[in-house]
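Labels for the chains are A, B, C and D, by order of writing; each one numbers its residues from 1.
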Amino acid sequence: MKPPLHKVLVANRGEIAVRVIRGCHELGIRTVAIYSEADRSALHVRNAGEAYCVGPAPSSESYLRGDVVIEVAKKAGATAIHPGYGFLSENAAFAQMVMDAGLVWIGPPPSAIDAMGSKTGARQRMVAAGVPVVPGTTHPIETEAEAARIAADIGYPVMLKAAGGGGGKGIRKVDHPEDFAAAWRAARSEAARSFKDDAVYLEKFVSNPKHVEIQVLADAHGHTVHLFERDCSVQRRNQKVVEETPCPVLSDTTRLAMAKVAVQAAHAVGYVGAGTCEFLYSQESGDFYFLEMNTRLQVEHPITEMVTGIDLVRAQLRIAAGEPLWFTQEDVKQVGHAIECRVYAEDPANNFAPAPGKISGLREPGGPWVRVDSGVYAGYEVPIHYDPMVAKLVCWGANREEAISRSIRALREYRVRGIRTSIPFFEAILRDSDFQAGNYSTGFLSPERMKALTDAGHNDRIATIAAAIAKYEADTRPARVQSAGKAESPWKLAGRPKGPTWRVP
Amino acid sequence: MKPPLHKVLVANRGEIAVRVIRGCHELGIRTVAIYSEADRSALHVRNAGEAYCVGPAPSSESYLRGDVVIEVAKKAGATAIHPGYGFLSENAAFAQMVMDAGLVWIGPPPSAIDAMGSKTGARQRMVAAGVPVVPGTTHPIETEAEAARIAADIGYPVMLKAAGGGGGKGIRKVDHPEDFAAAWRAARSEAARSFKDDAVYLEKFVSNPKHVEIQVLADAHGHTVHLFERDCSVQRRNQKVVEETPCPVLSDTTRLAMAKVAVQAAHAVGYVGAGTCEFLYSQESGDFYFLEMNTRLQVEHPITEMVTGIDLVRAQLRIAAGEPLWFTQEDVKQVGHAIECRVYAEDPANNFAPAPGKISGLREPGGPWVRVDSGVYAGYEVPIHYDPMVAKLVCWGANREEAISRSIRALREYRVRGIRTSIPFFEAILRDSDFQAGNYSTGFLSPERMKALTDAGHNDRIATIAAAIAKYEADTRPARVQSAGKAESPWKLAGRPKGPTWRVP
Amino acid sequence: MKYEITIGGTMRHVDIEPAGDGRYRVSWEGESHDVDLLRPTPEAYQMLIDGESWEAGCVAVPDGYLVDVMGLSTEVGVVDPRRKALRLAAGTATGMLATQMPGRVVRLLVQVGDPVKKGQPIIVVEAMKMENEMKSPIDGTVGEILVGEGQAVEAGTKLVRVEA
Amino acid sequence: MKYEITIGGTMRHVDIEPAGDGRYRVSWEGESHDVDLLRPTPEAYQMLIDGESWEAGCVAVPDGYLVDVMGLSTEVGVVDPRRKALRLAAGTATGMLATQMPGRVVRLLVQVGDPVKKGQPIIVVEAMKMENEMKSPIDGTVGEILVGEGQAVEAGTKLVRVEA
């Protein structure tokens, strides 16, 4: 590794800090972790080469203090900063400060972050670059005639939306031209009633959409490649919970068209490093529309790593060190299938209520093609201050069926004691027949389905037996905990029957 | 999965039982574990669907009791038996008993096990099938003239070996024809003195050999494919410790020639299922010689899985269920590089003395392309009765350098408290310059290298500080164990400085 | 030993007898199981139930256990009938609302003396950037409020006592 | 607090002072370190040593600790000089041989009264199908044999006492 990346400060916490530290260590790069006062016991502090406290628990006083982070980097002799995701990762001003301090910024140029930072600005740039965005107007339309003409242009179905609106009022979906006039009047009058403003605008209706995104990698020498797509449509409260690649319903033609657009979008803003273009994909029309570009590593980057064999963190580091891409688009192959489940410390059956607390016992799954990117360990107390995601389970399979069955196997091996997690919820999702058919959109986790998914799986028979024994042991031998093989010498056990033993006469 | 594999009894223990159980569960097959009285707390008992005790701790009274195993299988309603490796896996009589009991035997036909069971018998069959074996005679040679002629035939260097011998006596390596007469006399006279029998035979000397083996898969419909090779030359006491694929020194021509021979050997004995042909490969001549065929799954099968993407346990199950191979030889690709380190509970610095005992703390490595096939867990007591291998660490990389650096990273994350393991020894091996150059043979772990590999790495500075603090805490606060974040409410920590904190003025 | 075990609305009379070496016989109407128990780690109850391998985590809560099987928690009431008789004789039912998670009290929605319905939100606790409404466990009257707005609370902290 | 710390043949006078909140100042000739200690699990000493992150496992053994750093164990003698003075006044040096691993005693190679050299094999213990010769810790005479052939032993069992 080149001198600029002698020692990297990772300006993040949790599993992504652990992930970046691993990538650095594999390249022989030294690492510096930062931690808030609530994070002294965090796993990234244990795994890093060095670790320094940057302030109190609230992110605004620690992980978001760019000035402190740069100061620590310089005192610790770090030569570069990796921001992970979230926190300072998409802060162009911070990126500039890092570079001004003479440090390497492991991320895209501030200008690219800026260009993609505002949704409307990005939309205008993308339109100029020929990238498809959800068609429509963003300004109110004056007359019904003009509106009908625009609707015909962008194609039915369309949505009429109150310009001053929100909360579902003044919105009308129009399926056919013959319904337009009535819908126009209804929308305007409802808008006037609700918002005292009858201005209405028009947008293409994307029905049954999937959230599909394309991973791109660009070096500082003008080469940009894509690493195919991820389907991130399983969402709760606009947060992704299960991701997979390939997207089970995308045709090769659409996949490549979308990928081409993503590369084009990255080019248009002079992108360098790893980034992701998010699209809305209509399962009915097969059309797709650019939503935004995330100018950083994504949470779900591992599934792309699993099917392409390309280490994205290693790639970020090598690109930041100035290396040109060491492979071409033709070298990138999508092999097999990968699924990620984001393990949250929360209770899906209780409206995803957070469930921080001490992890009294932990056994992570292992074996073939099972990857756990964890930010916790047995004995760790999940703090109340940060995102509830504690780990990611990533499983690869030779095909989708294998990836699903392997994920279910791994989820059933996963033991987290002391806190509630979304682990059993994932098993219910992966066993859902619509999920198994690939037949799901961003509306997948509807209230009805949530109820079905969280009702299943409880085993009252086992709970009854366990509780009876626990009570009996508490009543008769309160303090006894028979640790494996500890109570007696293993030699003494020999010859003593234990458990049902069958012998052949 | 077909009805014959409704429920599988796994006639093994430890990591391989866990591995097979995982493979079954991924296919929706129910599992039955067996355990000895010393293994009630073993991980395979925890992971299986059902578990039954088959006898006392000694293998001969439990895991090797084929009659009991079959009885348990029938009582539990199992329809098939998977033997793992070791124990009953290469016992043709047991395989026959299983089939006679109306159960499916997940392994090759007894006739194939028998054919490969005796080394001399296998050698004769292989010679007949045109498979290369180490050239030489197995019977004593009468005269010097005849011996010299044979030596010239098979090519120098050759080994003269006392027919009645052992322990290194009566052995002479002969490099050139002009040295033959003297060596002949010396070997015969030493043989006569040592064993009262001057009979001597002759074998080709394979210098600087590598142990390379080929994985094969055959279905019951006459299709046999190979899954490329594994280099298993890093050995101690003839036991493999580190394996990798591809072999770093094999040319593509030799690789494919060796693979072709392996497929041929499997064909010759009517092989069905997963098997491995072991070869001795001469790095000097480039020649290779068949040693034996292991008619079962190998310990090191995961590295083949990692580079081919083919799940070998799943393949065994599908083949046993009667499925024809679902891919052709052309579909099998060797992608990237994989390394396995066998984690033993032993002390390499102390002549590999076994180190059973209680694992008081365990943190297995994770993250990208790191696979742990473990047979243990935190709190488990490694029993004294069985093989000391407790887990396997398997890392994949896009190339050999990446696989090595990832393995080192994973080894440094691996924490096993309470017992000694070979984990730090592996780091020394992977950092060895000869290993890194691929320049190693079966003689790699010489006494000199062992000394160098086990001397390094101790950090006296850290040990001094840790011991001083441990003593101080014992002297002042004997019972205090500050568990992460447990002592105080995390809220109370906020605002209180902890650890070095830098602030920008 | 006999216990009354309640899951959801269902109550069973369960009989448990030790069979030596960590084994138990657990029976109720129509069902009977041989259980071989091992606690590989303090929090894990690893059981071979008639040979079937199961694992559960049991955490004691008032009048029972929170039992975790494959990550799904179930509240299981366990009552020793002899003790139950004693307790029923003793006093009034009250509902104590405690928090299962550490966090910070954001808002109190009731005052002492307010009548409340079972399931009515009475206090809001924040953790991990999310507000969570905590509900009255019973119909009754707010008897005591044990925390203040803005106060940090740990798991298990008692928040509000509702009297029936 | 001052300790005499011995690793291999090297002895250092180490001074350790608490600095509050789990922090310590550890110094010896020419070196001085700020250490922020956390014990995330009972067996792990996680230390930030002047900011560098290290982890060690410490197991108490007679007169010191077996310290595991990155899987490599080092025997570290730790003596409180005040107590050492007391002990030196008290009696004779003896070498007690104990087993680090559970197993079975296969053979005794010495009898009480035999003179032995440091490093001389005196007893054979078997575990995991391997025989292991255990050696005398000091030059001296066999004072007591505490186990018999065929006997099962656990880790830490005292086997033979050698008197200097």
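Here, contacts are C-beta pairs under 8 Å (C-beta built on N, C-alpha and C of every residue); 3 or more make two chains touch, one makes a residue touch a chain.
Everything quoted here is computed from the prediction, not taken from an experiment.
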Original post:
When you check each chain against subunit A and subunit C, which touch both of them?
Top reply: B
**OP:** Report which interface contains more C-beta contacts, comparing B-C against B-D.
**Re:** B-D
**OP:** For subunit C and subunit D, let me know how many angstrom lie between their CA-based centres, rounded off.
**Re:** 47
**OP:** Measure off the straight-line distance from the CA centroid of subunit A to the CA centroid of subunit B, and report it in whole Å.
**Re:** 38
Original post:
So what's the Cα centroid distance for subunit B and subunit D, whole Å?
Top reply: 34
Subject >> Multi-partner residues of subunit C (at least 2 other chains) >> reply: 36, 38, 40-41, 48, 51, 55, 102, 104
**OP:** Going through subunit B residue by residue, note those that touch at least 2 other chains and give them in order.
**Re:** 40-41, 47, 51-52, 377-380, 384-385, 412, 483-484, 490-491, 496, 498-500
Original post:
In their complex, what parts of subunit C are in touch with subunit A?
Top reply: 1, 3, 5, 7-8, 10, 12, 14, 16, 18, 21-24, 26, 28, 31, 33-45, 47-49, 51, 54-58, 60, 64-65, 67-74, 76, 78, 80, 100-104, 127-130, 132, 155
Original post:
What residues on subunit A touch subunit C, complex-wise?
Top reply: 345-346, 352-357, 360-361, 384-388, 412, 414-418, 420-421, 423-424, 427, 457-472, 474-476, 481-484, 496, 498-500
**OP:** Mind listing the subunit A positions that touch subunit B in their complex?
**Re:** 18-19, 22-23, 25-28, 35, 37-38, 40-41, 47, 51-58, 67-68, 71-72, 75, 302, 305, 309-311, 313-314, 335-336, 358, 363-364, 366-374, 377-381, 383-385, 398, 402, 405-406, 408-409, 412-413, 483-486, 490, 493-504
**OP:** Provide the residue numbers of subunit C that touch subunit B in the complex, in ascending order.
**Re:** 36, 38, 40-41, 46, 48, 51-53, 55, 102, 104, 152, 154
Subject >> subunit D-facing residues of subunit A, complex >> reply: 33, 40-41, 45-52, 76, 377-380, 489-492
